[in-house]
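The following pair of complexes shares a single chain, chain A, combined with chain B in the former and chain C in the latter.
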Partner chain A sequence: MKFDTVIIGGGLSGLTCGVRLQKQGKRCVIVSAGQSALHFSSGSFDLLNRLADGTEVVSPVEQVSGVDKAHPYVKLGDKFAFYAAEAQKLMADCGVQLQGSADKNHYHFTPMGTMKPSWLTISDFDCYDNVAPFKGKKVILLNISGFLDFNTKFIADALETAGASCMIKSINLPELNKLRVSPTEMRSTNIAKVIDKEEVFNKLVSVIIGFSDGFDVVALPAVFGLASDRLVKALKGMVNIKLMPTMPPSVPGIRVQQQLRREFERLGGCYMLGDTVEKAEIENGKVKKVYTTNHGNIGITADAYVLTTGSFFSNGLVAHSHDIIEPVFGADVDFSEDRADWFDANFFGKQNYLTFGVATDEKFRVKKNGKSLENLYAAGSVLSGFNPIYEGCGAGVAMLTSLFVADNL
Partner chain B sequence: MKEQHHQSEFDVIIIGGGATGAGTARDCAMRGMRVLLVERHDFAAGATGRNHGLLHSGARYAVTDHESAAECIKENMILRRIARHCVEENDGLFITLPEDDLSYQSTFVDACLKAGINAEVIDPALAKRMEPSVNPSIIGAVKVPDGSVDPFRLTLANVIDAKAHGAKVLVYHQVVALIKEQGRVIGVTVVDQKTKEKTNYYAPLTISAGGIWGHGIAEMAGVKVDMYPAKGSLLIFGHRVNNVVLNRCRKPANADILVPGDTICLIGTTSSHVGFDEVDDLRVTPDEVDLLLREGEKLAPSLATTRILRAYAGVRPLVAADNDPTGRNISRGIVLLDHEERDGVPGFATITGGKLMTYRLMAEWAADLACRKLGIDKSCTTMTDPLPGSREGNEAPTGKSFVMEGGRKSAYVRHGELASRIAAENEYDNSLVCECEDVSVGEVKYALENLDVNNMVDLRRRTRVGMGTCQGELCACRAAGLLGEAHNCTKKAEADLTSFLNERWKGVYPVAWGSALRENEYTKWVYDGVCGLK
Partner chain C sequence: MNLQESNISENNFEQCIKCTVCTVYCPVVPVNPKYPGPKQAGPDGERLRLKRGTFFDEALKYCLNCKRCEVACPSNVKIGDIIQLARIKYSKKKPSLRDTILANTDVVGTMSSAFAPIVNTTLSLKPVKLLMDSVLKVDHRRSFPKYSGEKFVTWFKKNAAARQDAFKHHVSFFHGCYINYNYPQLGKDVVSVMNALGYGVHMLEKEKCCGVALVSNGLIDQARSQAKLNVASIRKSVNEEKRPVIAASSTCTFTMRDEYPHLLGVDNADVRDQIEIVTRFVYRLIEEGKVKLKFRDGGKLRVAYHTPCHMEKLGWAYYSTALLRMIPNIDFVMLPSQCCGIGGTYGFKKENYETSQGIGASLFAAIEEAKVDYVATDCETCKWQIEMSTTTKVEHPISILARCLDLEATSKLNC
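Now for the complex of A and B:
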């Protein structure tokens, strides 16, 4: 098999890179194991919320100069704002409606009912310029009975702390009883599949409207529109409905992943789902071929290869007791050799291991044995030098480095 | 401070909610005493819940400590009867590896038989068939009646029965002083950890069952009980590698017991002396992890490729002896101290030493002493009376719908016949909180309403929420929500959720590589990245 570019990893980073390259007329294949950070996102994309020294970031564009010199953003040079805008455009082209700007972070709700800053938020949810948007308002929180991943009590408490008054009610839809037969099935995505049916949706809407009388805000879990945002739009047009993120899996996050994938395929890209690149042939500092699980000894060749396999969770990086490796190419990994440095005894601390990743040169070309491989690039959370959670920059690094790599292959 | 006006509201006050304290409370209550049990944290939060969960046959001590070995086998047989729902009758093997001295085997078997332990030398080939995970290079094997015991369940069953016999139980209440009058201990001053309120309770006898903390409790009475804190570290693996308890047939040493229990298995222990300043916050060191893995793989080589769930450590409540830096040679025998006789302090006694295995016998001794002191003439019946959970009807009724009954079956395993009290009438009660361990909303609600649950760590000890493969990844938030609802206070539930995650992390980070690190990265994303918890 021959392509212009092989992209290894089908999450936010790989799809961004793939869509960009297809638009440039390159023929790409994405090899995806099937998991993506989008599946457990809250529906918001972070660009830069905090610097490594703890300084809060209000304007990513103005404050990006404060990141550490190892941060992938440094390699973007003066193109940071440009690529941030390009990322937003690319999402819009894929049909993903986002609100927000790289000039100023906004606030959005977390599944706990508290607020976090972010760059872009999917239009299922609202964005706010303050942390008490429902102050003085009467809010009714409606949940589907038995759905435990939407914690109304926590949310109500957080909203009340921020000055709202809340009431909690649960909705019992007989159509969902089938899910309840097996208790593990009461999860957001399964509920969304049932509600996606027109007659169930209409029934639910009439129940919601029945409850809404006398309230300023009707808050519901984001369990609508797994395949498209049609129902979300329909809902938001009716009463003063606000959707709130749930615990994973994230229905809007999965939808975004699907929208990106559909656009990539519409542009002619080839998406190999459920496949994994197992090994590569490297000759004279160049990748010659890669082999996948499903295609056995039929290799895939390309002019360029992009590694977007993510970090530990998606097996882009694998930790052993005294070593961290990149399993596909055996690339150089930046990490601390003393395991005591990997962790913080406080779970909510920085956790250094999150900054570990593959070593790359100034064009994000992957290093192996200290030398750049000529045609292998890396993008997204497999990269080293940043802490996606502490700095709040995971989605931004994924999208911006992918665009940069796609433009500079 | 609140004073209790009725000086004689209680006959006996027991300090410490481990197996020994709970057992003593039950025994005293069953003999008609009015009992107060005070625990500063939660039941089984100390050494009781921080060991192998091994239902010792006594074989391990047969050569070095005949008395403990004989006590173990007797109690082993009693627990199989009275605590069926806490016990797995797995059997055990004492294996000899090529690096071990095979001649030790006959010394070992003789000592076992002398202590009344049915030790049977078997062919290594048979041992390998009995336990396929065992190191295939074994050159000798002895079969003994070892098993597994769930210490949380066992302690709780004692508490439930003590309460059923009228005992008053206070958790999260710390004894801060012993009240003395003319040299006699006449009661205790207790602080409610939540409200910080102080209350005095009076009784003619106070019994300290505080394990390693008994040292400090005795000091409050002006009495010296010289404890020797010996830390033991263990590793929990993500699934049950073995079904038979595996021991090394040699003098007790580090990391030579692998115990299956519920869905997991455990390797331990190390033994090292620690200071009293460390006993409240034990950490497992990288060296201990390496040692446990190295030795564990010799028992069952597949441990090398099995995911480690977490590491933890406990402190053995040993009574000090001279010149033993590890504490390995100190007797595991029971120590009952009548401080009236020993130190001239009437109204105070200490029950310590011993083992989880002998908790019932320790309780019997302590209750016998209480009877003598209080002039009660009633004999002990705990060797024959089954604990709640192990009485008639303790197995799940055979159900109609297989799927619906899944969670119910796990509930019967955990709670025996008491599981019939768990609500399962509607869909909501049957919703699953914890997929790994099959815990329903109904079971969580039952625990919250009936089993003295104050926080999520307590809930874990009662129901196994968050003890499975995912270590609380998603169930933590669900359980916290239910806890918030039950206590009608989410601020506390949220603080509780963060401390639960931290408590889990404390056990995970010493072994956080491979899947454990992957899983944690996810948990970190969800709770820190997505939920923004601090």
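Now for the complex of A and C:
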């Protein structure tokens, strides 16, 4: 098989890169070992929330100069703001409606009802300029009976701590009750598939409106619109309804994944799901061919290869007891030799292992045995030099580095 | 006593991180809430079953074995295999008469082919359908595949076998039950295309049904003995006669490559790579520049490709679609990859009919909307389901290729 570019990894990073390259007229294949982390997305995309020294970031564009010199953003040079805008544009072209700007972070709700800063938030949810938007307001939290991934008590506690008064109610419909035959399957996506039917949605809306009397805010779990955001738009036109993110799987996150994949395929890209790149032929510092589990002896050749396999969760990086490897190419990995540095015993502390990743040169070309491979690039969370959780920059690194790589192959 | 003993599974369920992505892509869960879902039925249930087999839940029979959970899993857990192995290991339910009849595709096929006109007419009569529904629990709304009067193998011996040795290259063809009893034309198309590419086609020394229906209906011992017989024949073909094996059905191919070692414990490691679906075999010859195709001039055909679940699991839809895209006068449409709902014998069972049609509903709508001349797909049971549930005719990609190729001119280029 012959393509212009092989992208290994089909999440936010790989799809961003793929859509960009297809638009440039390149023919790409994305090889993805299972579904991606977008399935667990909160619905918000972070660009830069905090610097490594703990300084809060209000304006990513103005404060990006404060990142460590190893941070992938440094390699973007003066193109940081440009690529942040391009990322938002690419999402819009795929049909993903986002609010927010790289000039100023906003706040959004977490599934726990607390507030977090972010760059872009999907239009299912609202953006706020402070951490107590419901202060002094009467909020009714409506959950669907039996849905376990929406923790109303936590959310109510958080909202009340921030000055709101909260009431929790369960709502139900016979159509949704059927799902409860298998309680383990009361998941956001299954609920969303039931509600996607027009008549069920309409019934549910009248139940919701029945509860809304006397409340300033009606808060609901984001279980609307798996296939498209049509229902979300319909809902937001009604009474003061606010959708809140749920625990995974994330209905808006999955919708984004599908929108990006559809656009990639519409542009002529080939998406191979459930396949793993097992080995590569490397000759004279160049990748010649890769082989996958499913395609066996039929290899895939291309002019350029992009590694967007993600971090530990997706096996883009694999940790052994004393080293960390990149399994596809055996690329050089930046990590601390002293295992004691890898983690903080405080789970919520700053975890250094998250900064480990593949070593690259100034053009994000992957290094192996200290030398850059000529046509192998890396983008997204497989890269080293940043802490996506502590610095709040995972989605930004995924999208911006992918765009940069796509433009500089 | 070793406490860890009852925690060790031959499958990798401990890799499951409970992310629930499998549940998102299970086609059964949204339409049949009685099914506990792939995560619960697979890795979560396995943890309990290893402690005590009585935790086995007969509701695992609602699993279609489509493997879409495995394709979606980011942690490479063999969820589908865990579920099917649990059924094999723990299920106490004996297969019913109906299940035995549905599963024995080649016994039933041999009998039905002999009396094809009578069987076809009888099976389409309303009173017969109602009787089968009430006595056998085979849903009366289901249409049956027609049986052919002449088996493919009979045709092959009479009309094609003699000229096969003259070719320079050779393959063995695992025709499967559907081609042999129901639709010999597809087998004839495979022979014409392969012959035009310069390949002689041969039958395996012995061939039995791949066994997929036996596995899903709990007839494991019979499935295993048929698997052993098939692997022995394949081994002879590959190792002694130096003939790789091709098949037209994605499910037969997948079963012989992956279900034999994973579910039935029948080792095929030495020959697995030599069992291919015909579209992959042809694609590879073209890509390596070993064969050339010459197409006929003809009117435009609009063709939509449907990815069968086992083709999705194999990851091989690329080859079938690449072949279709090579045909100059085809206007190609890719359908979204989703289960059609039939699941082999699953959809024939009365208790699964609603589930089966519910799963396929959005696919049927997409097909109607695409307004195509043909749906192309590599699976025979998908073909039955789509032809029964839509107004569109379904053909195998190789049949479409056979129709669009100038076979004589192609043959001159390659022989």
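Worth pointing out:
Quick note on the criterion: the second predicted complex is superposed on the first by the 409 of 409 C-alpha atoms of A that agree within 3 Å, B and C clash if a C-alpha of one lies under 4 Å from a C-alpha of the other, contacts with A are read in each partner's own complex, and residues count from 1 in each chain.
What we mean here is this: contacts are C-beta pairs under 8 Å (C-beta built on N, C-alpha and C of every residue); 3 or more make two chains touch, one makes a residue touch a chain.
As the structure is a computational prediction, the values presented were derived from the model and not from experiment.
When the shared chain is aligned, chain B comes close enough to touch A:351, but chain C does not. By the touch criterion defined above, A:211 lies against neither chain B nor chain C after alignment on the C-alpha atoms of chain A. When the two structures are aligned on the shared chain, A:40 is found in touch with chain B and with chain C. Of the two partners chain B and chain C, more chain A residues are in touch with B.
Legend: residue contacts after superposition of the two complexes on their common chain; A:394 is shown touching chain B, with no touch to chain C.
In the superposed model, A:146 makes contact with chain B only, not with chain C. Of the two partner chains placed around the shared chain by superposition, chain B and chain C are both touched by A:313. Within the superposed three-chain model, A:254 lies in touch with chain C and out of touch with chain B [touch as defined at top].
In the superposed model, A:339 makes contact with chain B only, not with chain C. Contacts of A:111 after superposition: chain B is touched, whereas chain C is not reached. Overlap of the chain B and chain C interfaces on chain A comprises residues 37, 40, 180-182, 184, 248, 313, 315.
Those residues of chain B that touch chain A in the shared complex are 286, 290, 401, 403-404, 407, 427-428, 430-433, 435, 440-441, 474, 477-478, 480-482, 484-485, 490-491, 493-494, 498, 501-502, 504-506, 509, 512-514, 517-518, 521-522, 524-534. Those residues of chain C lying in contact with chain A across their complex are 17, 19-21, 23-25, 29-30, 33-37, 39-40, 44, 70-76, 273, 280, 283-284, 287, 312-316, 318, 334. Remark: chain A residues 1, 33-37, 39-40, 178-182, 184-185, 187, 189-190, 193-194, 248-249, 254, 265, 270, 272-276, 292-298, 313-315 touch chain C in the complex. Residues of chain A that touch chain B in their complex: 37, 40-42, 110-112, 114-116, 145-146, 148-149, 151-154, 156-158, 177, 180-184, 186, 245, 247-248, 311-313, 315, 318-321, 339-340, 342-343, 345-348, 351, 353-354, 388-389, 394.
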